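The following blocks contain the structures, represented as structure tokens.
Both complexes below contain subunit A, partnered by subunit B and then by subunit C.
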Partner chain A sequence: MIKILDQPRYVCALGAMQTVQGIYRGVPVLHAGPGCAGKLAAGIAGNNGDSGYISPQIYPCSNVTEKEIIFGGEERLAETIENALRVVDGDIFVVLSGCTAEIVGDDIAKVSSRFANMEKPVVYVETAGFKGNNLEGHEWVINAIIEQYLAKKPVKEKVKGLVNIWGPVPSYDPFWVGNIRELEKLLIEIGLTPNAIFGEYRGIENIDKIPQAEFNLLVSPWVGLKNVKLLEEKFQTPYLHYPTLPIGAFETGKFLRTVGKYAGVDVEVVEAVIERHEKEYYYHIERTSDVFLENRTMSRRFSTVTNATDALAISKFLVNDFGLVPEKQYITDDTPEEYRDSIEKYFTEFEYGIEAKVTFSKDAYRIHEEIRNCDYFGPPLIIGSIFEKKLTKELSGNFLAVSVPIKERLILHSSYVGYHGGLRLLEDIYTYVLKQFN
Partner chain B sequence: MANKKIKQIAIYGKGGIGKSTTTSNISAALVKQGFKVMQFGCDPKSDSTNTLRGGKYIPTVLDTLREKTTVKASEVIHEGFGGVYCVEAGGPAPGVGCAGRGIITAVQLFKQQRVFEELDLDFVIYDVLGDVVCGGFAVPIREGIAEHVFTVSSADFMAVYAANNLFRGIHKYSNAGGALLGGVIANSINAPYAKEIIDDFVKQTKTQVVEYVPRSVTVTQSELQGKTTIEAAPNSEQAKIYTRLALKIAEHTESKVPEPLDVHELREWASKWADHLLALETGEVTSKASCI
Partner chain C sequence: MGVSFRGRESEARESRLGSVTGYCGTLRGLYAETGCGGPSDRQRCYSQASLCSAACALSILSYITDAAIVHHSPSGCAVTAMQVSNNKDQLAAKLGLDNSKSCYVCTDMNESDTVFGATENLREVVLETYRRYKPNAIFVAASCVSGVIGEDLGSVVEDLKEELDIPIAPIHCEGFKSKIWASGFDAAFHAILNSIVKPPEKKRNIVNVINFFGGARKEITEIFKNLGVEPLFLLSNTNIEQLSRLSESVATVSTCGTLGTYLGNGLQEKYGVPYVRSLQPHGIAGFESWLVELAKALGKEAEAREYLALEKEKYLPKIEEAKKKLTGLRAVIGMGPGFNFNTTRALQELGIEIVYSAAWHFDKQYDDGLAPAAFKYLVDHSPNDYNLSVNDLQNQELVNILKRVKPDIYFSRHVGSTVWAMKLGIPALCVYDEYAIFGYRGLLNFAYSILDIVTNRSFTENLSKRVKLPYTDWWLKQNNSHFLIDGGVTA
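On to the complex of A and B.
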């Protein structure tokens, strides 16, 4: 039976072009039809990545049309790569293929290999839309860089305390820059040296350091697992998988203790950092508790309608730090089947024996119907994307857009990660709650 | 020319079975009868119309499209024997691109430009690549292109298999206004058992044999001269057979939905015939047609 998918919140694998854009001076070179980049950017970049050093409107693209479909587009791609190398001042060029080019069998590996001896690295990724979603595409881009670029470089010594940070996905996570920076800061505070490849001025220099890291730190329920496993295989770098993006005091403390222990950091150093932050954190919570406890416009129950990373991170914060009660949590990122069981398990590990039910669904119609029929014992808190705005209004509930498509807010370097991130999330939630009085 | 009905026919069959030979002879025979005919080769090899043009290749629609962004249909129509309008869709080099899309593009280009009406044609005959490997090669049997499909098949199992596959395609499109099956052109039918096999196959699939065309050295001789049999040996027995076939096709009006065999039925059917032929060879049974 034909199903209509209502309001999906992910795009096809070619959307991983934004992962390349997230690498400072990284240049995506698309072998796809005209319009692919624009449409995908509108879906996941929006007002958070539509411009920059290079942007989706000006990515070099072979603009495959009927001629390339019939006769093959390999020469057109070669011409596009050649001219991109000539015209764009980039540090790494990543060729990404779209559906049509792959359906007609263009060999992008062969074409890209012609540029193997150029001054700037050229790697390729097969990101046809029918092969997977943008999150899988994100992993493929990183794996392509590992296999086709890093694995071919001379082996360098490991650097004590150097930690690669993986997890936040450029553009798709609207807070990606801020989130990575906060993770970096937390690591620095416990004496480690973070290495992240995304965001301002990191780029190829940090990519080159990846094999030297003492370990890889993956902060995500599933996106990036394939990358850290490949890094372990290629460079014998072990990895720490911490599934929850830490928001607020409870999770951030747990995060710092886990990372500190894994890295062999002195417990006293870690505890001192936690104590200092918690003092500040709880000062703010305490002085605002009247707002949190004495309002009649928000019940104690909430749902998230978002990707696995945000659903887990936000619900852990709202339950463990803030004592809210989770109704069903909806995961909308087309999570691959292989990870679903373990993700469901994470939602059974809240404090106080609290558990949340999880539904993996790509269809907003079904999700919204369920939310309409759920009793939240008052105005609910719905955290999701702009698609939940109307629904929340209909339920006289409270709403916050945190994941794509957001459209209604501008995010520069904000983040919900860490202690300050937790406070920021409370500000955003309760700003909406307070507006209900007006 | 106002409301004249153009008869559009598609000829399919396994590669190498004699589609282009048969199609070109049908086209040649029809123009000799005074009809206005276009033969449209739908094969990247682009050799469908060679014997209508003295063995010469003509520039294809897609070759022209490769060089220019727009193509006027008149630029790729070349007159052949007796005024047959010859067109070759053409396609990419082997191993690259999408030949199926090429066929779609070429056929659509002609349809959009209303070339058939302007040329006041009586017949358009599509000679389509052997294996219907993807949607592109099914274009001539889809809605609004050909009305009648004929398949060229010998008694060879692989040819019958290809014909049965084509029947499945016709069956699929039949509910959506696609072309229906006119029948089977039984080619290279010389051995008595060959006729029996084809007759049995059409009976099983609820269709008919339009004509039995024997293998003939006259055809080979004509093709070596770059000509159809109709042109090179107009008085030969073979030319008479092709003319008879062409007239039957010209007069044909009612095509039907075939009933293709499923894979298991087809295998069973083939295996039954294999046993029968083996028994014939070893002299165990006598064919009903052995006295012919």
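On to the complex of A and C.
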């Protein structure tokens, strides 16, 4: 069968350098071609903050040339790591290999292990582009940190109520910072102590706390499962897998109740938090419902064309909170086969027995053909990436880009998570809707 | 002129032109070394990530409105498709062009492909791409992986030529082949020149303008009316039919010598279309040189001079006024060599002193065997022999230069380069728009952009007070040339 990637919405495993970038004072050290870092960052992060304390333009990189391909690049990598440690003021150095280094057989494990006893931790991950996508790469980076750094540290006692948060993928989720912060806030509100390693000023300090957590909370359909399983094996930390990133009142309430119950939080505490938020949330829904109900161009049926996390989160919100009916959902992040059945099942668990069909595909030409040939019984609402902009226009539908490549939007700390996130998503959808004739 | 434009591929600039990515010295010192095989290309024992040829080659080709790119690579290389998405639609929409035949697909090479090869899938993807988008040309692009495992793109393309009745060309843009990403421009133009451009049938009053995005389309169209010609802006927003007739144009000019050399010289060598050797149209001297030299090629010098005189009268007093406010400012500049030397000249016209210049790479000659005019101009005319390094986009070197030199302003032209000066408290201006200093009017606008930035320093200072540089104290005390090996002088 033909293998074609048309309108790419994910990148290769080396794209996980953004996961290291997401760790404050984490330093990706690339054994890769000269263009990998700049291109991947510009593609994934785009306009939405690919710089920071360090940036892809300053990642130490061996910039593999013909010489390293012919004669091997291990010495080049060694001098790159050695000098990176002298030049860059970081807390953890993660060596990532690219395609060429792995094809020619450079042993990055051997080279990196020479730096095992340096003052700063140096870990390595094989992230050759042909081995997997950036989401798998994200898992490999975290597993490398667990195995090569955390597992070697002295065992510390568990801390009651401390919960590691996993799920949103730095950069690849354009809302990653806001989404993680919102998850943290929700946990704090029900009396737990969140621990997330990504975003501003967390970094190594929070990485060090990972083994002490009472449990790991994974909020994602599949990305991160390998990590929480490894943490369970290494540190006997149990995990709660909550597949849906909670958006809006319905899912967030469910989320808080599930986490609260798992953590043994007093039901009354959880219910009080939910009640307070729902009052505020429905105050806004109530005062705006005329707009929602009376707008003539807003669709009744929708499709998402996006990664598994957003497809699930957004369709749950639109169905269970907002009363829309789903047409087919298209998952474009090259989800590994092993997770596809369980993800399909999540899409059969909407309220009122509503179900959505799911297609996994990296061939967006075919996806667009299917959408064109589907009867939405009115203008469709298409939520995806910028690639759906023209398509939606052609179908006189409504459109919102939420995932990579997103373009035409600047996202700083916004989030679609939680109660405020649900309102934010409605604001964004209706900002487009209101631009159409009504 | 030792360059053949008809070979299998365009070759890396290092071997074709003797271009370098490592040097540390001065402007005139660099010129002194350019004879006899020099300057020698100093290597680095430590580097940060730069950029690759594929990014350059495939992004410029992506903006052709009816061509397809099939990238024989793992998914990550095709990230360029994400980068150009929407941008190309926005650009086409400006001119009301339909670009629905333009696409960028990828063979998504996986581990087994690296073992067994994947040319059969590549073949099918090319055919499927044709069925889907009906492009008027297909570019089949190489990647590091396809190159290392020895995929023979050339013969795949040759076979496909028998099945498809459109031009189809390989793009040899493997990232490891050149440290100079501009080699990617050459790879793209090699394909245009050898697979798209046809021999001329009749001459047309069109001037090829090699540039990036045609930002000064309106102005240049108006200016060229004085010379009785129309501009054709390449490559963005052109179509294959237009490109096939480049040989019929009366001349070629370029807004960037680095970008234009291969196609400009190639069209001259293969089809006799004169490639105008001039400064690029930045600032006063550049604009005049660019237009007069073009006019000479067209036999319209008097018309050009008449136009220039009128324009000059309109803008020069205003430029002089702005210049008073800028004279004496000390600047550092970090750009690719084409824009670097042209911007430097324009800054000197505004009375700004260049105290350090970093060129991302250096071409001692273009494909006509001559030194870049903008570089030679500075060698001859610069009031000072400022320090110059060839930097390969090494930010850690730039930061140490800026820290030591403490300029009033930093001018940059590359992704992610501007902010590092600001973090040091130095106002910085990113000169992305290739027409930001176009002609007299552009120079005037540019002067006021500079004035605004050095006047209102709030953004710079607010940021710099709150951030720490990601470099160790040790590094910040080193000379910027610390990691350059193979001798050489230090500046």
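Just so it is clear, the second predicted complex is superposed on the first by the 433 of 438 C-alpha atoms of A that agree within 3 Å, B and C clash if a C-alpha of one lies under 4 Å from a C-alpha of the other, contacts with A are read in each partner's own complex, and residues count from 1 in each chain.
Assume contacts are C-beta pairs under 8 Å (C-beta built on N, C-alpha and C of every residue); 3 or more make two chains touch, one makes a residue touch a chain.
Bear in mind the structure is a predicted one, so any value in this text is a computation, not a measurement.
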Combined model on subunit A: subunit C and subunit B, fit or clash: fit
Which of subunit B and subunit C A:Thr193 touches, first, second, both or neither: neither
First, second, both or neither for A:Thr288, with subunit B first and subunit C second: neither
Dominant contact partner of subunit A by residue count, subunit C or subunit B: C
Contacts of A:Ile69 with subunit B and subunit C, given as first, second, both or neither: both
Touching partner for A:Gln436 - first (subunit B), second (subunit C), both, neither: neither
Subunit A-centred angle between subunit C and subunit B, computed on Cα centres after superposition, in steps of 10 °: 60
Partner chain in contact with A:Leu14 - subunit B first, subunit C second, else both or neither: second
Partner chain in contact with A:Gly105 - subunit B first, subunit C second, else both or neither: first
Partner chain(s) touched by A:Tyr365 [first = subunit B, second = subunit C, both, neither]: second
Shortest CA-CA distance in Å separating subunit B from subunit C in the superposed model: 6
Those residues of subunit A which subunit B touches in one complex and subunit C touches in the other: 66, 68-69, 103-104
Of all residues in subunit A, those that touch subunit B in their complex: 66-74, 103-106
Complex contacts: residues of subunit A adjacent to subunit C: 2-15, 25, 27, 30, 32-40, 42-44, 46, 50-51, 53-66, 68-69, 79-80, 83-84, 86-90, 98-100, 103-104, 128-131, 133-134, 334, 362, 365, 386-387, 389-390, 404-405, 407-408
Footprint of subunit A on subunit B - complex, ascending: 62, 65-66, 91-93, 95-99, 101-102, 105
In the complex with subunit A, residue positions of subunit C that touch it: 45-55, 73-83, 85-87, 89, 103, 105-111, 113-114, 118, 121, 124-125, 128-129, 132, 143-145, 148-149, 175-177, 179, 181, 393, 395-396, 414-417, 419-420, 467-472, 474-475, 483
